[in-house]
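What follows is a pair of complexes built around chain A, which joins chain B in one and chain C in the other.
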Partner chain A sequence: MFSLAVFFHSFGPLLWAARYTLLISVLGIGLGLVIGTVICAARLSPYPLLRRFAAIWVSFLRGVPLLVQLLVFYYTLPVIGLDVPAMVAAVVTVGICASAYISEIWRGAIAALPTGQAEAAVAIGMRPVDVWTRVILPQAVTLSLPALINELILLVKASSLVSVVGILEITRASQAQAATTFRPLEVYIAAACIYLLINLCLAALGRYLEHRTNV
Partner chain B sequence: MVAASSVEMRKVNKYYDKFQALKDIDLSILPGKVTCLIGPSGSGKSTLLRCINFLEEYDSGEVRIDGQLIGYDAPNKKMSGRKLREMRRSIGMVFQQFNLWPHMTARENVAEGLIRVRRMSKAEAQRRAAEALVKVGLADKMENHPSRLSGGQQQRVAIARALAMEPKLMLFDEPTSALDPELVGEVLSVMRTLASEGMTMVVVTHEMGFAAHVADQVGFMEKGELVGVDSPDRILHRPEDARIQSFLRTYHERNSF
Partner chain C sequence: MEWSVFQQYGPSLLRGFGNTIICWALGTVFAMALGLVIALIQRYAPRWVTWFVQAYIEVIRGTPFLVQLFVLYYGGPLVGLRLDALPAGLLGLTIYGSPYFAEIFRSGFRAVPHGQIEAARAIGMAETDIVRRILLPLGLVSSLPALVNFSIILTKETVILSIITVPELLYQVQRMSAETFRYVEANLVLALFFWGLVETISRVGRRLETRITKHLIERT
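Entry: the complex of A and B
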């Protein structure tokens, strides 16, 4: 029989664990945005060496599963003599992995803009920094918003993988809960509900932002 | 009368890989004069126009604005970005696709260059932008985004955006080609006013009526060559070159019914 009591009782510890899920996702996408923007700039730069580096960065990080990246990174650190908390390792790995996707999202949005947009700014004598910050990026942000929200939702789900390095986020907490209650079904359904709830909120946030930036 | 620039092109060549887009272009434009460029599509009219503000980089020859070489300090030595921007400030350009910035209102589109390039205060830029929009007949559309404007209105905002910078030379790249026929008139009328005020204008166009009535000289281009430059009458009504005759015959056939 499905025990409603266990189901509802699971929410307490799982919601408490959700703070790690959220922390890793939000910090991960933040770091991913910063690195991804730099990688995208390198990819679009006039310097062949930088472009090459950015291309390799993207294909490597997209080509290796996040779980494997996590394990490699986590077990490499002690070898090179770094004692880094699991949480930091997790955020850095998730952020680096996200940067590959985010740089491609940016690149796509920038490429989608008509060249005339920048030309009009160049023709009146605007500096490259103004052309980028006033004309190209504001439009690229609007264009890439759906894809960025999508990436954030993917990260929330992918954060379940960091349980392998011992962080007590939703998935790991539900495993523990399932083991102590002997009621895996109720616990995992509760976990599913929490993931769903988080992502529905993010989707709503995305719709709100899209609506606001639409002109 | 506005301060107006002269343009001098000497032996200008432009290649896209092996394809020669411009062949030894010689063209003189006096201050305050209107020059129209006509010819079949792909003949190099737009490329020539875009060389004048160095949006297109020519490979050899000289383009001088008021005697000053644009794009290069010396042959094969590119001009610094700063110097090029300085020169572009006084050259306005209007594009076939308007190229308004969709995330800004009409007024913000016009004010942007004043704030970023001419370093005006926001309030002063907004005031000047409003003036420029009134001049092109858009006093009641200032706070609209481009998506809420007709093609003709968008192109007039684009003209106002260029004019607000107080240019001494205006380049028009097929300004009415993307417009519905009934909206062409409002844009041409703004351009006619500008011409009468003594602005130097170079206009790539398929509007033969405009060329005939407003231009001081008309240039005909084909396959990267400037085949002839002369008065509108001599090019449009009494052309001697067989290529111009053939182009105009096609044009008339298409426009007769």
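Entry: the complex of A and C
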């Protein structure tokens, strides 16, 4: 019934494809961090128009399924004259989607800091820039590390969706493998094992970081 | 933009929306029920059983929903599990959602003050009565916000079912755009539609939440 040979044989190509899964997740979270920081700054800024824009950005990206975002992006870009490779489109979509969640993580971490910290910094005469770069942000980053690792785990899982736009990551590779071996059960379980392995490692990293920052 | 396509495909889009709602509602209810059972097993079953349940939780939470669906729908027939797309999708949603709901219930149960349970034991209530009359009512109320939140997340997961050909909304939209070449409009409208849907559901959910947890806020 369950062919162990097929199961073990599919690990080779799937692990090879895993580099795209990792690449998309890591680039996606990197882009998400950059955009998310900007959005968070806009959300906390004193300008109502910026705050409104950031709120709509977050609400839209959290309200629309990633798969639909991918399809919108993938089909709209060529129409407005931007001919980018599928890989770029995928990373940008994943990054933009992640930015909404990351900006909320930042916002939560900054809100969790005691207001006395910023007040004390202002009271001893620090400039607003220094208050942010020396007091608020370093603490917020430490506080939000576990949540960011969690977001990365979510992205590894979400990256399976970019198989739909034709990128040969783990899921797409397993579809091809299943089509050639006619043993979808073994192949897809192998794919699940690889995802699980990646995510267990990330979860362990998250626990380690949480433990370190607690001490 | 060509809006007459939407009129022409109205009926099939509506059917798709109906299927989306069915998948979401039934999937959420089944996943919640399974999650509750898992949470109760974790609380009361012997150690080695909870170990298996914990492994189940880790595996489901560590793998993408899409891959779980592939295992179920394409791998299932190899072990005699032959399902149509819609039931397979429902079963998939149930399995995928259950560990998240189980964790929500578990932390809800943990929020029940231990004194309440000890008091119930002290006056001689049976263990099943304690679950029914103390643990569940108190635990469910405190897990309500998280339950609402995850149910909303599940609406967005239903579109993934289109990949295993469940005829839900995204599937119908894709068929429509393949026949009319209106990919851009169709997907944009679908995105806006989902945005509206999720915003509406979260509003309703928040209202429900404040209503049910009102007594908690007044007391503190």
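As a convention for this text, the second predicted complex is superposed on the first by the 214 of 215 C-alpha atoms of A that agree within 3 Å, B and C clash if a C-alpha of one lies under 4 Å from a C-alpha of the other, contacts with A are read in each partner's own complex, and residues count from 1 in each chain.
Just so it is clear, a contact is a pair of C-beta atoms (placed from the backbone, for glycine too) under 8 Å apart; a residue touches a chain by one contact, two chains touch by 3 or more.
Not measured: the values here are computed from a predicted model.
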Discussion item. I'd like to know which partner A:V79 touches here: chain B for first, chain C for second, both or neither.
Written reply: second
Worksheet item: Looking at the overlay, what does A:A192 touch: chain B (first), chain C (second), both, or neither?
Response: second
Item to complete: In the three-chain superposition, say which chain, chain B or chain C, touches more residues of chain A.
Response: C
Discussion item. Quick check for you: in the superposed arrangement, does A:Q139 touch first (chain B), second (chain C), both or neither?
Written reply: first
Fill in: Touching partner for A:M126 - first (chain B), second (chain C), both, neither
first
Discussion item. With both complexes superposed on chain A, which partner does A:R207 reach: first (chain B), second (chain C), both or neither?
Written reply: neither
Practice prompt. Enumerate the contact residues on chain C facing chain A in the complex.
Written response: 58-59, 61-68, 70-71, 74-76, 78-79, 156-157, 159-160, 162-163, 170, 174, 177, 183-184, 187-188, 190-191, 194-199
Worksheet entry | chain A contact footprint on chain B (complex, rising order) | 53, 55, 81, 85-86, 88-89, 91-93, 95, 97, 99-103, 112-113, 116-117, 145, 147, 158, 161-162, 165
Worksheet, complete the sentence: The answer for chain A against chain C in the complex is residues 1-2, 59-60, 62-69, 71-72, 75-76, 79, 153, 156-161, 163-164, 170-171, 174-175, 178, 183-186, 188-189, 191-192, 195-196, 199-200, 203
Response to the item:
Counting only contacts in the complex, chain A reaches chain B at residues 114, 116-117, 119-128, 130, 134-135, 138-139, 142, 215
